[in-house]
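I've put the structures underneath this note.
Both complexes shown next keep chain A, but they swap its partner, so chain B is in the first and chain C is in the second.
On to the complex of A and B.
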């Protein structure tokens, strides 16, 4: 297994704000990494640094290259969907396919057409005539037909209705992902990617505050539903977060063994969304 | 086909997809000229005495003069097209690196393995090679259509279309000289074009204002502090169509001689390169090219390194 992205001391300053504050992380092959954080936490900045779209301080290697210098070279093996609807309105679907096919040595035209056949996107149409959902389908078809090692998705489903959102991730998993692929995704809609992630990264105010695989997240973090009479006892163990649920207390613990917690009530593995809220405490509020 | 070739083709095709004006504007212009021509033939000629008088005048003019007219057809037709080319060029360049940022499609283009240098150079290639090639093709086609139709109308007047019209038609007569003239003009305009490209790379909105206001400001400052007009003169010299720098004026005057038949341009025989040498010998010509290169490098740098979101 190889490491695709390695960041050490990655820092990005915008005038007087620190978007990335001396961040270390690495992304290995075969992972689906969710990079999650509130607005302005530095998610997009991190992605832009990886994709060679912005300058930065510190060390960053993508496929062994420096994205500051080798953007075009890196893009042979890295794909990204930056945002919905960045395909230009004047572009015809068939021309988009031709363009990518000509400039990209690892693009498979047939595969792209196969993906498109499953949609209502017509090859003669211009992007401007397609709905937002169809544009995303087109963009995804273009990207999935590229035999890339790393796919970066920045809020890929923003503004899409729920049908398209579900389909987006399911086709990504069934038609694209395998052990040689790696996906890095940011989103606000944590619930919709939670099931597909292998790794989780939380970013807050330019720092990575959680970087773990999903299994160790399940081991590390436990939610306990506690009746009010036992609440004080549970509180003594130092929960990360507590909230009220139907007259009971729901505590979220980090690094406390399940054996010790079992006496207080029902145990759950917290959802990524709940974990996110707990970890972001004091920032979002 | 190798990758570089393929990328080049893709980038140039991309420009023709985005800028349908590359095809539409010359075709519309050719259409207008054709309509004017037909109007002259159908209404003008009968009113001026009818087809037989028209044909008689032609016969009277004689073979030599008709041959001269045939050679002037392409240069004459090309002239209005050149003015159109400058207008399209202005809008194209202002749009070239700002539109993709306005609609954020730059993020799509940048997700592909194409360097910023290749992208910016493709804008140059599109506007100085692809678009003029389309225009020249339209001009040649139009000259053929006009010649063919003229011959047909000559038949209405009882003339022989072959001896009066068609034998004098050579689609490539004058084309060489016209192209050389166009490209020498283009070389002269290059710094202005580079500046427009840079304005486009710099400004997301209002590239035209960014192209116009800074030089205007400098011109005003120059007058206020030094009471001189060097910059203004330089700009006027660059912008004036066909009458700019003295080198160009002289060259154009001689060019007219060329069209009058001194030289057979199509074969390239005896083409006086000396008349361009005068222009190429001026320092302004070279500083202009240098300025265009600087603007291009700056535009590439901006597209590569500027982070706008």
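On to the complex of A and C.
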């Protein structure tokens, strides 16, 4: 298994603020990594650095190369869907396909057309006539037809309705992803991707505060539903977070064994959303 | 379709249980192909590794076999094996509790048996 992205001491300063503060991480082939963080935590900056779109301090290797110096080379094998529509409104769908096919050596025109046939996007249409969901489908078609090793998705389903959102990830899983591909995705819609991910990264104020595979997340973090009489005992074990649920207390523990917690009540594996809230405590304005 | 996952058990385990239920109900018969890992992953929005792990659990229990290049298939006798296991489990775990209940409530076993046979005639 090869390493696609490796960051050591990655730092990015915007004037007097640190968008990335001495960050280390690594992304290996075949993973689907969720990079989750509140607005302004440094997610997009991290993606930009990987894509060679911004300067940075520290070390960063993408496919073994420096993304700033070897951007053209890297972009042959790295694809990107941004949260902002970048296709010009006057462009026809078929011209977009032709354009990518001319500029990108690893683009498979046939595959792109096949995929679009399954959607309502017609090749004669102009981008300006397409709905937001259809534009994302066009983007996805263009990107999935590229034989890339790393796909970077920045809030890919932002503003889409629930049907298009589900369709988006279904398409990725059925027509694109396999063990030779790697996906890095940022999103605020944690619920819809949490079972797709192999790895989870939380970023907070420019620092990575959680970086683990989903199995160890499930082992490491446990929620216990405790009746009020046992609450003090559970609290003594130092929970990360507690909240009230139907007259009981729901405690979230980090690194406390399930055997130890069992006596206090019903055990659950926290959802990524709940874990996120617990980990971000004290950040929300 | 809403898979209704619960958070007490790993998803792969729940996926395994779903397939087992389908075999027991006869929805999947001996020799039938399981849906591909890709299609299950896309349908339920799961990581393909999770699906693979669930399928692997079924292979380990000798309920399903992998045919190279073709996918996963229900093995001959899988339903019979499962029914046998379920019967053993019922007799070992649930039946003693039922017997206890019958005794506690002072029910007449003969009478109860008659209601079971009545169910047969319907």
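Here is the rule we go by: the second predicted complex is superposed on the first by the 283 of 285 C-alpha atoms of A that agree within 3 Å, B and C clash if a C-alpha of one lies under 4 Å from a C-alpha of the other, contacts with A are read in each partner's own complex, and residues count from 1 in each chain.
Following the convention adopted for this analysis, a residue touches a chain if its C-beta (ideal position, glycine included) is under 8 Å from a C-beta of that chain, and two chains touch if they have at least 3 such contacts.
These figures come from a predicted structure and were not determined experimentally.
Overlay on chain A: chain B and chain C fit together in the combined arrangement. In the superposed model, A:174 lies in contact with chain C only, and not with chain B. Of the two partner chains placed around the shared chain by superposition, chain B is the only one that A:71 touches, whereas chain C remains out of contact. The partner of chain A that touches more of its residues, comparing chain B with chain C, is B.
Looking at the shared chain after the overlay, A:105 reaches chain B, while chain C stays out of its contact range. In the superposed pair of complexes, A:271 makes contact with chain C only, with no contact to chain B.
In the superposed model, A:79 lies in contact with chain B only, and not with chain C.
When the two complexes are overlaid on their common chain A, residue A:195 makes contact with chain C while staying clear of chain B. By the touch criterion defined above, A:48 reaches chain B but does not reach chain C. Shared-chain residue A:87: touches chain B; no touch with chain C. For the pair chain B and chain C, the model built by superposing on chain A gives 26 Å as the shortest CA-CA distance.
Shared interface residues of chain A, touching chain B in one complex and chain C in the other, do not exist. Interface of chain B with chain A (complex): residues 3, 6-7, 9-11, 13-14, 17-18, 100, 103-108, 110-116, 118, 304-305, 307, 309.
Per the touch definition, chain A reaches chain C in the complex via residues 32, 166, 169-171, 173-174, 177-178, 192-193, 195-198, 214, 218, 267-271. Touching chain B in their complex are the following residues of chain A: 44, 48, 51, 53-55, 71-76, 79-83, 85-92, 95, 98-100, 102-105, 139, 143. Those residues of chain C that touch chain A in the complex are listed here as 5, 7-8, 10-11, 38-39, 41-50.
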